[in-house]
Structures are given as structure tokens and as C-alpha cells.
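Structures incoming, each one as C-alpha cells.
Next, two complexes with chain A in common: one pairs it with chain B, the other with chain C.
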Partner chain A sequence: MPVFKTPFNGYAVKFSPFYEHRLAVATAQNFGILGNGRVHVLDLSPAGPISEFAAFDTADAVYDLSWSESHDSLLVAAVADGSVKLYDLSLPPPSNPVRSLHEHTREAHSADYNPVRRDSFITGSWDDTIKLWTIDRPTSVRTFKEHAYCVYSATWNPRHADVFASASGDCTVRIWDVREPGSTMILPAHEFEILSCDWNKYDDCVIATASVDKSIKVWDVRSFRVPLAVLNGHSYAVRKVKFSPHRGSFIASCSYDMTVCLWDYMVEDALIGRYDHHTEFAVGVDMSVLVEGLLASTGWDELVYVWQHGTDPRAP
Partner chain B sequence: MATQSAAPPSPTEDKPQNPASEIVQPSVEDQNDTRTGASGGFSSTSVFVNSEPMREEQVQNAVKFLSHPKVKGSPVMYRRSFLERKGLTKEEIDEAFRRVPDPPQNVSNAQPAGTSQDGQVKPLSNVQPQVPTQIMQPSAAAPAGVISTLTRSRFHWSHALLAVGFLALSGAGTAVLFKKKRDLPRKPTQNQVCNKKQLLLQKTAAAAAADVARASQEMLLSKREEEKYFKELMNLIGMQVQEMKSMSNAIQKLEAMGNLSVCRPGTYWSNLHDYCLRGYAVLATRLVDTSVEARNTHGRTPLTEQDHQVSAKSSRQPNANGNVDFDSYSARSSPPPATVEPSAAPNPKSYMEIMAMVQRGEKPPNIREINDLPPNPNQPLPNPHSAPRAKPWEIGQTQTSYSQVLQSHESTYGLNSNLQDNGFVNQLNGDSSVPWWQKKNVRITEIENEDDLKRGSSGVLTNERPVQRSWVPPQPPPVAMPEAAAAIRQPKKTLSEKQVADDRLVADPSDAIDELQRITKISESGGVVDANGGSSGFSKRFSESGVVDTNGMSSGLYTSEIQEEQEAY
Partner chain C sequence: MAMRELVTGGAACAVPGSFFFLKPPRLSEIPTSATTISDGNFYTGTDEQLNMLPGFDHPLQSNGQGAEFFPGLPPSRSRVNTPLRPDFDGPPQRVLSSFLHSFVNSNQGGIPFHPTPLPVLGLSEGDKQCIRDRSSIMARHFFADKNEDFINAQVNALLSSLDIDSDIQARGPLRGRFRELEGYWNESQGMLKPGPHAADGWVNEFTQHRVQHGDPNAWAHSFELQHGANGWASEFEHEQSQIASVNQIGGSNIANLAAMEQTRMLAHTLVQNSDPKFQNSKFLQFVSKMSRGEIIIEDNQMKPAVASAPGDWAAAYQQQYDGGHTWADQFMHEKANGWANEFAAEREQHGSVDQWVNEFSKLQIQDWAEEFGNQVGEGALGENSADNWANAYDDFLNEQVAAKQRSDTSRGIYEFSDMNPYVGHPNPLKEGQELFRKGLLSEAVLALEAEVLKNPENAEGWRLLGIAHAENDDDQQAIAAMMRAQEVDPTNLEVLLALGVSHTNELEQAAALKYLYSWLRHHSKYGTLAPPEMSDSLYYADIARLFNDAAQMSPEDADVHIVLGVLHNLSREYDKAIAYFKTALKLKPRDYSLWNKLGATQANSVQSADAIEAYQQALDLKPNYVRAWANMGISYANQRMYEESIRYYVRALAMNPKADNAWQYLRISLSCASRNDMMEACDSRNLDVLQKEFPL
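After this line comes the complex of A and B, so read on.
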């Protein structure tokens, strides 16, 4: 399985929804504390090694990125100086970025492109707000301000074009509808900060939340007082959680315990895979929409791994 | 079919599918209703809204919480956030906030009565005989008034104090009046009757006052308890602030210690053990003051990241419901590494070094000045090279005619319809070798190829009609209709109108085709489709409505990846 070494510490990895062999990695210098950032666009080659298609430097750390669902060459990056940058891979690096949207007053921590409408994206920031943008507009369309602390993650519902969820350090997950002025639901999902949330692609009312309390909880928003499942197994905070695009009950997660785990929340013994290839915090994980079972992960050990579920990421 | 008319803004996700005949008018009216019904109409049908009735008990607990003076001193946002964390819904929180300002008004109303009562009681001794009767009634009324206010907001502790005050006053008043009665000269019969009435009134007043006294006593007790909890809370906050300070000291010590290296298995656990032993066990995840403090430190506000580590360690959060656990707090100063409670993940040495540097005000050496602003902020956005590919979870939902046509279109390009990327993998498949990342799915890929070819041809055949209607090639970004984008984001009013208009366009011709395609798909996939995710009907509606984008993108439905449908289920 190929590995790519980034010069900076990895923060996020995302497969392209257009090209099976392409993925992007968000990295940050000095662990994201203080320093530059870089966005890498990588290509998998059939022979094995991962090559770099393009790289873009940023003044500040890049915390997250999201591929456009409408344009195969566009990439949205959430940068630690609060700006949101748009990159066009069809242009050479000196012409990039094509946009820099600076409205967040603190670090932009997450970016997610709308997979249904394909015309808009949301960014979550440590300034407690989530902003809705379209790529043709220089300013945000809406700002959602209700959380009492940093918003760590905001993700669109895979089927409902106007619904998204946000996970925050105020220990709640909020569900929003862009047509409504405020949040439509508040899930007090954990007793500690919630670092990530993701929707079940096959059941649009099910959402998974990952928290500093080392657990992942799966909720049905229709009866949100009690979780459907509580997935324990990580020994430190769970940094990111992602539902499989191919199997409705599979969840991939990565954690500060340096492992990437795969779960099936509908099964009694939920943990179905554990990969401990990273030697530092595993901070980003993604499952390919185009290739079933293909996983990618990155961490503070400056490595990006891409592997098939069931295989050893470190195998040559 | 009818689903198209029930466009996304109409919150009919969980309504059963309406028959096709009902298409347009009812949905328009529906949307009218929801429009006028505002959020109420929406929330009754959307599944993403809390439909629980308001829980009175929770509201009362919230009122208790909000009425506490210490809580009153804190910003509204934090009060709200606390209640949200406790699981109250927005409605319950709003209701509690609505109730809490009331008691102050009652207090101010009651007080003038109290003072007037005072004023009346004092000169009683000098007053004429007739006056006591008049005073009697106000005094009876006053306790009654107090009782009524008390029943309205039973648990308000300030009411307790006032009640006690009234009790005393009315008691004094009745005592004085009794004395007066005896001193009164012989009265006509009417007066005696009045006196009896007055006696009765006095008795009831006294009984009521006794009840009030009991209630107020209970309230005082509960209030004392709550105060105790709040005191604990405040203590905790103080302790945690201290912990934070000591932690930052210890970080520096630790860094000087130089024990931590990039974690290798051997040193990992010993470092972790050291870490824990040093008393880093417990800190709160977040506190009002410390968080603000943390976010104001310079550079990245590194403590925010530190918060992660810190908060990863906290054993519990203080909460005003009295679940503070002092014993566990103190006992956790040297826990074993694998505790139930979150514990700090050890950071690499270089991380600590950098943190320390930043805190000292030094800039790490390797940072460059980079200008990452767009060289041309008005750079036109590119035209998409490829059409958006359908998601695997959308495959089960019917893709409309667009997708079929596009797919057939693409297959005529001679690419393996698996991949659209400049023939990159084309070469590979031409070599009949599969890229390593697909090796697991070799079998599936081959099957998919066959199906694609099959489908390509069938697609062409079945889509004569819609082709002539409007097959739209991939559109550039919708600068053409910016107001439409705005309209989408507006409240349902404009949105629903536009959607309905668009839906009408799309509705009729594609219905029959949809059904045909759906059936085709189902048969080809061996009937697996419906197992994919339950509410395929609803999902279909929304993937289509995702298409009916006023921007004309119709992008949600381009698909050439029917193979995803074939995944092993």
C-alpha cells in the first residue's frame, strides 16, 4: 500500500468525488499551532506509488478541505487564519487560489460541499459560527450563529439538500435547515466536546458523533434522547468519524490514540477493523465514494496512507 | 412520481407518498399553509425538528436554575448553553426564560402592598373602631394575594421571604385586631355579624398563612441545597483555574525534562505514565473564564488545541444539578492510563517545544512569509470537465432521464464508463489490469462493465421523449441566475414558488420514464435496490428535487456509475 510523506503535519484527507485516483490532503506546519500550511493534491498510480499532482502553500495552517461536487477541478480549503480558499486545479499553481473568502473571525476548522445541490458549501469555525457559501459569490450567503463554543465540524445531510449538522465544543450537535432562521434540533450528544459528526448515507436520520470522551455515538434524530449505539474502543479522543458511502452501517474513525478504526454499529461487537499504522495522532480519515472499501488517513506523523479495508496499510 | 411536486421546501419527507393525481395544487396549498404557519407548519412535518411536547418538569428546573442570583450574573449565552447541554429543547428553554423575568414584577407588585400593609398596621392602635374592619379586609386580601402570586410561581425563593414577611405582618395585624375587637364598645347586631365574618376571615387567613409558612420553609430548604451545589460549582471553577495555571507550569517543566520524544511503543507508555502521575489527571473541559482566557493567548491560541488534550483528560464537567463528585476528583490525581474517563493523549516532544516557544512569544524558525491571496480575485471559475457522478446511496433512487441520456452519451465516447478521467485508467483497463486500489473489487468491476454497456444501449432506447424535452449538457456555474440562488436561501415563501414552477416543468413527462427506469434498474440489480436504505421513495424525491435546481444544473442526476449499485450487499 502506498504512503505519501508530507512536509507538514496532516490534518485532513478527502477523496475526489470525480476521480477515483485523486485525493487532497490538508497539512499544517508545527502541528497547526503556528506556521504555514499546504494543500496537496495526490494521484494514486496503478503501479503503486502516490505522486503529487499539485501543491498550494498557504500562510496559515489548513485544517480541512472539501472537493467541489459540481466542478471536478475545484477544491475548498478551510484555513486557520479564518479564510476559506478556493483552488482550481485546471490552473497552474501561480494562478491559485482563485478565491479567498475571509469572513470568519477565527480559525476555519471544517469545510463541506453540498452533495445534493452541489452549488454551495458550509464552513465551520472556531468563532462559533457556520457560514454558507456558494462558489460564485464573494460573500457568505448565511451565517448560523448559535453554538456557544468552537464549531469543529459541519456536514451536509446526504439526501436533504438543505439540512446539515454541526458539532461543537459546547458539547451539542445542532441540526439546521438553511431555510429556517435557527437550528431545528439540539442534540446534547456528549458530556464533552464533540469533534466530529457525520450522517449515515443510507439512513438520512441517523448521525454519528465523535467526542473527546473517546466514544462514538450513533443517534436517530427522530428519537434523540437515547443513542442507537455507543462505540467504545478508542483510548483517546476521537477526532473524525465518517460513514461509509457504500455500506449503511459502517463507520470509519480516527483518533488521538493513533489508530483508525472501522465499526459496524448495527452489530453487537461493533469494532470490525483497527489499523494502527500511524505513529502520531491520526487526525484525518476518509472513505472513497467511488471505490468501495478504499480508505485514506493522515496524521501528525506527516504520512498519508491509502489502503483497502482488510489489507495492511503498511504493506509494501 | 408525485414526489417531484412535493419539492424539497415542502417538509413532507415523512409523509406517505401521494398519488400522482394530487400533484400540483395540494402541494401548492401545502406550501401556502406552511408558509403562513411559519415554523409551526414546518416543524410538524420535518423529521429534523424536535417534536416532543414541552416537559414541565424540565422547564421548572430551568427556572430554578435561571433564578439563582449567581446564574443571573452570567451571560445569557452561557445560561442557554448550559440548559441545552442538559437536554432541554429550544421551546423549553424559551419558556423558562419567559418565566424567569416574571417574579421580579410580582415582587415589585407585592412590595408596595407590603409597605402599605405596614403603614396600615402601625397606626392601627390609634384608629377608630370602624377602620379595623376596612383594614381587616386588605390584610386578608394581602395574604390571599401573596398566596396567589405564590401559586403562580411556586418555587421562587424571594417569594418565600416575602411570604414570611406577610405572615408576620398578618399575624401581627390579626393580633392587634383581636385586641381591638375586645376593646370595642357594644356593637349593634350588624356589627356583630360583621365581626363574626371577620373572625372567619381571620381564621382562614391564618390557616393560609400557616400553609404559606410551610411551603416557604420547604422552599428555603431546597434553595439551601441548591446554593450548596452552586457553591461547590464555584469552588470547582476556582480549582480548575488553578489547575490550568499549574498545568501550564508543568508543561514547561516537562518540556525541560526532555523525556518525551516522538512516541515509539517503548517510551509511549512510560511517558504517558509520567504524564498522568504528574497530576494532569483532571481538568474541566471548558469553563467560561478559562476558555476565554485560552482563546486570547497569542499565536494560534495554542491552548485551544491544548484544550483538546486538556479536555481529553477531564473526568467530568461541573454541573449545577449537583452531580459534582468531589471524591472522584481528588482520587484521580494519579489514575492508571486506561481509565474510563478521558485522559490526555501525550504530545510529541516537538509539539510541546513549539507550544512552549509560542507561549514565550518566540516564533518557530521555519515559518515563511507566504502571500496566499488570489492573484486574480475575479478569476472566472472553470467549466466542469466531467459531470458529477452519482453517489452510491443515490443509485437506489431513480435517476431521471438526464442520467440515462448522459450515460449513453458518454459511453459513445468509448471510454470505459467506469472512469471519466482523461482516459487515465482507460489504459489500465485496456491492459486488463486493475489498479491496486480496486483489486478487491475485481469481480465487481467486471460485472459493472457489462452492465454499463447494457444500460448504455437501453438508455438510448428509453429516452427518446425526454431528450427532445430538455437534455441539458453540464452547465457552468449558475451566474446566470444569482437571484435564484438567493431565492433558494430565502424562507420558504419564494423558494416554494420557484420550486413548484420548476417541478411542474419536470413533473409529467418523466414520471412514466422514471417508473420504467426504476423497474429496469431493479430487475438488473436483482432486486437489491430496495434493500439499500429503506425510504427509497422519499430519497428519490429528494435526489430529484436536488436536481430541480433553479440554476438549471440538473447536476444531481448525472450518473454513469450504475455499478455502484452492484456492491455486495
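After this line comes the complex of A and C, so read on.
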């Protein structure tokens, strides 16, 4: 399957929800520690190489991005200078970004577009807050500040337009309802920092959390004393976790152990796939909504891989 | 009687929690939604506004109207187009880039490493802040296995090689100390409070305890009220930062030297990792190089081994490491004052920080708090903050003791009523059965308690007691009684099924499968289906398959269909579960507990209207079925018919005022119905007032 070389270190990869051949990649110079960033929009072709459809440079690392759920050409990027930038692919590069929102006082580390209420998105930041934005407003609608340390990721519930979860270095996941003044639930999910969380796409009470403690845990938020499953197998911190859009019990993850793993948390041998193709920390992974089993990953080896589950990502 | 009684007789729901008694937080699948006061819609517009957005109706259409996404808002170009850093090929950036990448790229033969005099980099304060903060935060992800000092040392080494002061407080270390402290809390708590929960953090414990009592937010809110938004964590961070800065005035050099030593240990650890990928990792090579930066810059030249052997940094390091003491080492050993030194020396003696932590936590907690207070006092902090902190901790301890007392019930210790008039009754079991049949549940409980006090080995007495509690909506007692019944008679099918169901309600899949599997194994007809070797590792699919086999074997056995319904609740396949319960109901149309199960499953699958019909069937068959009354209330609340739900809760509570859960639900519905005027009656559990206000 095809490979794409980015000039900077990869940070995140996301399939377009509108076109099965399109994906976007967030990258950062110098491992995201200092330097510029770049957003790449890539197109797959049936047999040929991956081509670059567009690229946008930023003054600081791009840590994450999210496609709009309402407009096929719109994507939002979380930038390390704290800004949140909206890009419109239908406009020429000089017109982009179409908006740059400066509110986070520290690195913006995650962005997630609301899949139900498709005019809004949330961003998580190292300033310990999550901000809620709508595309028609120049300022954030709300700021959620309860975490005691960096928020590494914030993800909307796939069914409830008002509910999202946030994962933080304060070792908790919080569940929020944007109509409520404070968080609805505090889930002390790990004893170490939690880097990522995602909701099950088929059961809106189930979330997965990924931690520096190398484990992924699957929780039912109604009964969080005991996790539904603990997935061990990564040998370093787990950087991202993502539920499959097609199979309710499938989870993809990537880790500082340089691997991408696929899990089925319902079965005995939960680890059902392990991909060893990256040669540096694997920090971005996604599963296509439009093509079942299609995976993408990126890492600090400056490579973006797209492959079908069960095949070798490096196979030509 | 046992089997039939339990499965058909209504108490298969001897269960804490839900499934057959859905807690409102579980109702609408999301903890918040049921309790949400629904009109607090934050969006200025609603769906109409959403629809007005151009492109909304045709999301797939590729349009060229990008800027129009923001009607009425002129694009603020000035801010939007933030210029890039001067130029990523400009001199400062290029120097930095080659510095950062020199090691990384050296094996590609592209850029030879030039140790650059650092001032040339011209890093701005902002850049330095970036490097400092980001490397601090990231290092905690890479080196999670290492202790805090190790990570700090790693970061300090990296910073010092880039000539970045570490005296400005970086973000990471503060947090790190906080986390360390959290470790102490857990440790000390584990000692105070042995038992299955010892491993959980206090947060966990505390949250749970609160959640059991209704509002998951409560503790956070109350704590914030007392201690301000960030509570003790920020308080303590603040103290720590002051201590840290005090230390830095006296000993920043010492800290750096300690850092170098720690860094050497890091590199040493990395050498031990035999994974070739890690040996070849450019990033780790980079880190390793950075960690030795100070020495390299001191010498102002590269060691040939390092420069010429890309990919072989481990060997290079080993060489250097074996090469005897550096001046940093010597300094470490010679100078014995300063906390960093002492700490490092201590570590060398004891070998691991864990040990030190353990020792520390062995101290009496009070002493430790006092001692800490004193230290903080001496450390140029006001007494007040230390006192506050100690007080908060005292409060926490008290809370722990109380929580422990409360949690004993949930761990299966049965609590008998005081003043039981049936003690001394000639045949309390018969009396209890009679009362239960009449639906006088609270009385039946007393009689059955008298029975098991008289005959603690009577499994039937315990079982029926469990059922009575379950129907009376007291799950904790129900479970405690069922567990006693199982102790006495480990193969009692009704008890096994009830426990399987109760764990299903608690979403404890493994335990539920264990009991359901035992049920099958001990069943005279299906025992042969269950291979005994399976009992070690039970998986949902296997168990479901076995029960499907059993259902094929005897399709007329309602019990098997019931278990299948329960199993499919476990896997959240509610449609299938509903089908199984309906099949069972065809065989046993007068099983009121089965109607209740059907209703609860329908409620779980968001069919609250259907659920109400099922509950009504259960109540027609058994008018004193407290649980069904309460479940009915939940279904109405789910449909936002709060007034209706209040009436059902009040009815349930009139029958059993001890049903704590129902009081919680009532409170929520009162608040959702804006009946704050009745809140006081609810809080004081004044049923007379409530019944008058909300007749059914």
C-alpha cells in the first residue's frame, strides 16, 4: 500500500468523512518541540502513489486536526501556539486559513468536530481547558476548565450532540454535557497520564482510554469501578486510541513503542493485529469510515502509511 | 420450590443497580442525559439555524464557497495569516534545526554535526519556553517507567545543552511532584485501609462512594466550594513551586549535577533495551545525545566515536560510561550538602526510589503531615497553607473511615434489623413465606431474618430473604443475602441465576458469566453441555453458545430463554434480549419478574413507552412489587414526564421507605420538574406531604 513522506514529523492523520481517497495529516518540525508545522491533504489513487492535494504551513507545530462533518472542504487544526485554525480546501492557499482562533493560552493538542451537531467542534489544550466552538462565531462558546493538567484529547460522543469526554494528564477522564455547568463524571481511569480517549461508535456508554501506563482500558461510563477490558501489549505509552466505525468491539491504537495495534476487546486474545512498520514513535492512527478495514498511521519517522487491515503496510 | 420461585417467582432481579432496575444515570445511556435539565440548551440557535448554514443540506457537494461558512463575519486576515517563523531556512532556525537533527540525520550522510556555540542560536525567550515546556511534558510520556527525578534530570540535561535556564519554572516538573505526592497518598491510604480497594487511588474511592449516593459531581463541587477551583492539588503545586524556587536559589548547580548523573542512568537504561528499533531510533539517539550535551559542549568537540558511528550510540555511550568518573561524578561524591546530593546518595544506597517512598509512607500519617507542615514552615511558607493542607487531609481520612463503614454492606455483609418481633417465632420461615406471598415485603424480611438468625445454614431462608429485598428495591441487602445463600448451598440454581443477573446489572461481565456458567453446569439437564475445563476462562461467546444449545435441547424451558435474555443484556444486544424474554413470557405469562425484566430491557434500548406497558403487566400480577413501581417512574422520567415519574416514585417509597435509590430518583425528578418547593419534603423523607401532593 502507498506511503507518503512528509518533511516534518507526523503527529496526526485523519480520513475524510466525505471522500474515501482523501486524508489529512498534521506534522511538526523537530518532533514538535520547536519549529513550524504543516497540514497536508493527501489523495490516494487506486494503484499509484499518494499525491498531495494541498498543504498549509503554520508558524508552530500542528498537533492534531479534524475534518468538518458538514463541509467536505473544511478542516480544523490544533496548533502548538495555542491557535485553532480552520482551512478551506476550496480556497487557494493565500486565503487560508479562513479563520485563526486565538484563545488557548498554551498548546492546542486536539480537535474534534461534532458528528451530530455538525456546526461545532471542541479543542483540548495544554492550558488544561477544553473549548467549544461553532463555525459561525469568532470566539469560543464555552470553556471547560476542571482538569488539573494538560488536556491531551477531547472527543464527542457519537450519538449525543451535547456530550463529550476529555483525557488529561491529571490521570482522569471527564465526561461533560455542554448544557451542564461542570463535568458530569470523573473517571480516574489510570494511575498515569491519559493521552487519548474515544467513544465506541455502537455503544454510546463505552469509552476507551489510552495511557502512559502502556495500557488501553475500555469502560462503561455507567459503571466505572471496573473496566470492561484492559488491553495490554504495548511496551511504551499508548499515544492514541480509536474505535472502529464498522466493528463495535474493534479498537486501533498507536504507541511510543513504534507499533500500531488492532484489538477486539470482546474476545480472549484481544490483540488481533500488530503493525511494526514505523521506525520512530507512532503517534497518529485512523480508520476510514467509508472503506471498512482501511487504516492510516503516521509517526515521527515522517511517513504516512495507508493499508488494509491484514496486509503489510510496507508492501509495495 | 427454589428454582421455580426465583426464576419465575420474581426475584431473579436480586440485583443491585439496573437492568431490572435502571438507575437514572444509566437510563439514557449517558450518565448526564437523564439528570439534565433539558431546557439549558447552550446553542443559540437550534436545528433551524444549523439548517441555514450553506452547504448543510448538501454536504457532499464540493463547493467553492468557503468563506461563506462564516456569514456576516469578515475574515480577520490580520490575525489569520500569522506569519511563519521568520523563515525555516533562516540562520537561527537552520542552526537550531541542524543542532536538533544533527545526530538524527547523521546516518543519512546529509549533515555533519557542528557543535555550535549556543548564543548563535539566538533563541527567543518564547522559543526557550517552548523547548522547556514541551520537552518537560513529552519526557513524561516517553519515560513513564522512570521516576520523577530521572525525568527532570533528563529534561534538565536537554535544556542545559541548549543553554536554556531551568530556573524558570517549567510546567512539567510541578506536575510531576504533584503526581509523586499522589503516590504517597495512595500508599498511605493503602495502609490505612487494606482490602480490595487498596490499590485504587483515593480519587477512585472517593468518587465511587459519592456516586453511590447519587451525584457524581457532588464531591468535586463540595471540595471546590471549600478549597477553590483546583483544590488541594493546586494548593500543593503552589507550595511546591515555592519550595522548588527556594531550593534553586541555593542549589541550582547541584540540581544540574544531579541531573547529569540521572541522565547517565537514563542512557544506561536505554543501552539495556535490546530492541534494534530502539537502538536505531533517531529520536532516542537525539535524546541520548542531548543528555550528554553538557559534557560535549564543555569539551567543545565531538567524541569521534559518537560522530562517526551513527546508529551505534549505545556502544559509544557504553564506552563513555565505562570510562571512569567525570567531574560531575566527583562533585556528587565529594559535596555532601544540599538536598539533591543527599537524595541521590540515598538513592544509590537503597537502589530504588520505591523503597524510599515505602519508607516514607511507613511513617505515621499524622507525624508525616506534621513534619511536612514544619518543613513547609521552615521553607519560607506561611503556616496557614500547611495547616489547610493537613486539615484537608484529616477530613479526607475521616471520610475514608465513613466510606469504609458504608462500603461493608456492599461487600456482602448482611445487616440485620434491630428490634425484630419475629425473633422467637416458632416457625419464622413459614411465616416469612406467607408474608412474602401476600406481598408484605418489609414484614417478610423481618420474619426471614428471624429464620436465618435461628438457622444460619438455611439456604432457602437466605434466598427468599434476598428475593424479598430485591423486590423491595434494596439491592445491597439482596446481594448480601444471596451471597450467604450461595455459601450455604453452592449449587443452588436459583441463587446462581440471581447472582448472575445481579452482576449483569452491575455490568460485571466476568462475574456474571461465572455464575451463569455454574448454573448450567449444575443443572441436571444441561450439565453435560458444559465442559468442566472451561471454568477457568469464560468468554461471552462460549457461554452464549452453550445456552443456545440448551435452548435447542428443550425449547419449552423458559429458564433457558430467560438466561439468554440476561446474556444479551450483558452484550447489549437488547433487541435479541427482548425477543428471548418475549419467548419466555409465552411460556410463563404470569411471571411478574419476567415482565419487569422485559420492561427494563426495553428501557435500556430506549423504548421507554413499551417498557411502561411491561411494567404495568408486572404490577397487575403483583401490586406490591416496589421495584416495578420505581422502574415505572424511571421510564416516565426518561420520557421527560417528570410529574408522572414523581407519582410512581412516591408510591414505591410509600411501600418501602428504605429504598434509598428511589429517594435519589425522586430528588432528580423533582428538580427536573422544577418542584423545588417539594425538595425539603424529599430530603426529610416526609412521605405524608409527598403523597398528598403527588397522589397516583
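Of note:
Simple rule for what comes next: the second predicted complex is superposed on the first by the 316 of 316 C-alpha atoms of A that agree within 3 Å, B and C clash if a C-alpha of one lies under 4 Å from a C-alpha of the other, contacts with A are read in each partner's own complex, and residues count from 1 in each chain.
Operating definition for what follows: a residue touches a chain if its C-beta (ideal position, glycine included) is under 8 Å from a C-beta of that chain, and two chains touch if they have at least 3 such contacts.
Since the structure is predicted, the reported quantities are computational estimates derived from the model, not experimental observations.
Within the superposed three-chain model, A:V116 lies in touch with chain B and out of touch with chain C [touch as defined at top]. In the overlay built on the shared chain, the residue A:F53 is in contact with neither chain B nor chain C. Set against each other, chain B and chain C differ in how many residues of chain A they touch, and the higher count belongs to B.
Once the two complexes are laid over each other on the shared chain, residue contacts for A:A148 go to chain B and to chain C alike. When the two structures are aligned on the shared chain, A:F31 is found in touch with chain B and with chain C. In the overlay built on the shared chain, the residue A:E268 is in contact with chain C alone; chain B does not reach it. Contacts of A:V226 after superposition on the shared chain: chain C is touched, whereas chain B is not.
When the two complexes are overlaid on their common chain A, residue A:I135 makes contact with chain B and with chain C alike. Residue contacts after overlaying the shared chain place A:L290 against chain B, while chain C stays out of touching range.
In the three-chain superposition model, chain A touches both chain B and chain C at residues 18, 29-36, 57-59, 69-74, 80, 85, 88, 90-91, 95, 97-100, 106-107, 117-120, 126, 132, 134-136, 138, 141-142, 148-150, 157, 159-160, 162-163, 169-172, 175, 177-180, 182-186, 188, 191-193, 195, 203-205, 212-214, 221-222, 225, 236-237, 256, 258, 279-281, 300-301.
Of all residues in chain A, those touching chain B in their complex are 1, 17-22, 29-36, 44-48, 56-59, 61, 69-74, 79-80, 85, 88, 90-91, 94-100, 106-107, 115-120, 126, 132, 134-138, 141-142, 148-150, 157-163, 169-172, 175, 177-186, 188, 191-193, 195, 201-205, 212-214, 221-222, 224-225, 235-237, 245-248, 256-258, 279-281, 288-294, 300-301, 306, 308-311. Contacts from chain A toward chain C in the complex involve residues 18, 29-36, 57-60, 69-74, 80-81, 83, 85, 88-91, 95, 97-100, 102, 106-107, 117-120, 126, 132, 134-136, 138, 141-142, 145-146, 148-150, 157, 159-160, 162-163, 169-172, 175, 177-180, 182-186, 188, 191-193, 195, 203-205, 212-214, 220-223, 225-226, 228, 236-237, 239, 256, 258, 266-268, 276, 279-281, 300-301. Residues 17-18, 23, 25-26, 29-33, 36-38, 40-43, 49-50, 53, 55-56, 59-67, 69-73, 75-76, 79-85, 88, 93, 96-97, 100-101, 127, 130-131, 133-135, 137-138, 140-142, 144, 171, 175, 178-179, 182, 186, 200-201, 203-204, 207-208, 216-217, 220-221, 229-230, 233-234, 277, 280-283, 286, 506-509, 537, 539-541, 571-572 of chain C touch chain A in their complex. By the touch rule above, chain B contacts chain A in their complex via residues 8-9, 13, 39, 42-43, 46-50, 77-78, 80-81, 84-87, 89-90, 262-264, 285-286, 291, 295, 299-300, 302, 304-305, 307-308, 311-312, 314, 316-317, 338, 342-343, 345, 348, 350-351, 354-355, 358, 363-364, 366-377, 379, 381-382, 384-386, 388-389, 391-393, 419-421, 424-425, 428, 433-441, 444, 477-479, 482, 485-486, 488-492, 495, 532-535, 538-539, 542-543, 545-546, 549, 551, 553, 555-556, 561, 564, 567, 569.
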